[in-house]
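A, B, C, D, E, F and G are the chain letters, set down in written order, and residue numbers restart from 1 in every chain.
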């Protein structure tokens, strides 16, 4: 049975979209020419961060949201052949709809 | 159908003005001589940042505003042949009118 | 008799899962090919950090929780042939369940 | 028609005084011998910065003020043959009267 | 008569445990092979730090506590042939019991 | 007519004491042997800084105060053959009396 | 008549104990072998720092206190053949009694 991650604080887990291995012209792309995907889906979200005054700042993002994320700043782990990305919500650029 | 970005926090998305490829004297400019445009239009804006006390600090900028932005600090993405720039509102220099 | 650690503030002590010394294909792995485990169990937890306003911010994690932790940032000590990791709770990526 | 800039937050726009191209002794100065002017006039001012508690901190400077500014820290743009300097008010050294 | 130190703020003074000069196998260890001890006893403690709002944040540690401290970050002084370590309480890893 | 500077925020303007060009033994000192004076008189002072909560933190120093200032950290300008130093009040070491 | 320094904010002035120029064995020590003294007496103290909320945080140290100070971080000035050290109170390690 697959296990689940409950992110702490304002962290989210993103499953990035799969990279296209074929260019639009139909050529098979070498690794360096493939752009790292910067889009994915939120598969888990923390409860939010607790401010210095003890207040829970609720999250804007939830499971299922499609997001645009920056190229750097993620903690990357491998889980069941998937690469998962851990970000703080404040690093996410935008929700895509 | 085109998709839309809903920026998080105090982020905005700017579509920069197109670069002029011809100098005022009519010469076609090589790439290095063309100045990066520093003006554009806000095409999406977040709800504002949430302060440490849990308060939403509302935005000064909205969709349609013409803005002057700094040369550095943007996250740049390509979307449908357009380059889009993600900034935090606090990095924007001025509204142009 | 074994002694116990009572972490200060928002620190936790993690006993990392044991590294597998044999690869899935059955080969004995040299040291450099073995990934550092990034999972473990919380064996002690502090009371939480005290904010600037004197408020105790309670912990999300407790003894027995399985956690995913980042590769860097721990203070590592050896205790009775075990390696123990000291982290601040805010550095922990997620609870695993 | 000339366009106007409305600086965001606590930013101001300064039109620096013109550099004197002739030294006091009447010699034409080479570029490196001319000091960068550090004085100018405020031609636009933002509404002030919004603090973490959501409060607007009003500006001390307004349009028409003569100011002394530091040599570094400005964002410089060219507009209609003028160089304009964007500063945060907190970087300005003094009002001149 | 021995003099005493009253640490300021949230500082504590630790007398580290003595290094074992003989390895478990009975060999006399050269200096580089001896691990710096990371345990000791609190021999003096400040009243606590005063927060930005003027509040005294009381200490968790007191005289006589056995503690685990990090390898770096102490101010070390020599006093009557003893090495004493000054730490801020927030740097201490755990109380040992 | 001489112009005046009104420093912004918690800035002060200091006119440093004149350097003695003759050593106590009567020798004319070369430039490198002359110590930079670190004392001077406050000739202008700002109203104080405005805190994040919008509160004006009043100044401790006023015009006419003799002060001891650090060797580094000033913004230096030349005005009518005088060198003037701009400091934030928080950088000043002491009032001399 | 000797002049006095009134330190600003949470600064104190320390007159360090004199260095012993003779080692315990009676040898005259070369300069490099003499340890910089890290103890001295408070000869002047500021009123305390003013917090961001406008509150005066009172001092723990006063004139006449013997203190232990760190080797680095002081601003050093020479006054009437004495070396005086300016520290912020928060940098002082302990009061000696």
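Definition applied: contacts are C-beta pairs under 8 Å (C-beta built on N, C-alpha and C of every residue); 3 or more make two chains touch, one makes a residue touch a chain.
Remember, it's a predicted structure, so these values are computed and weren't measured experimentally.
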item	value
Touching chain A and also chain E, the following chains	C
Separation of mean Cα positions, chain G and chain B [Å, integer]	53
Chain B and chain D, separation of their C-alpha mean positions in angstrom	23
Distance between the centres, which are taken as Cα means, of chain G and chain D, whole angstrom	42
For chain B, residues contacting two or more additional chains	52-53
Overall pattern in which the protein chains touch one another (line/ring/star/complete/other)	ring
Sequence of touching chains round the ring, chain D onward through chain F	D, F, G, E, C, A, B
Residue ranges of chain B touching chain A (in the complex, touch as defined)	3-9, 11, 13, 44, 46-47, 50, 52-54, 75, 77, 86
Residue ranges of chain E in contact with chain C within the complex	38, 51-53, 55, 57, 60-61, 68, 70, 89-90, 92-97
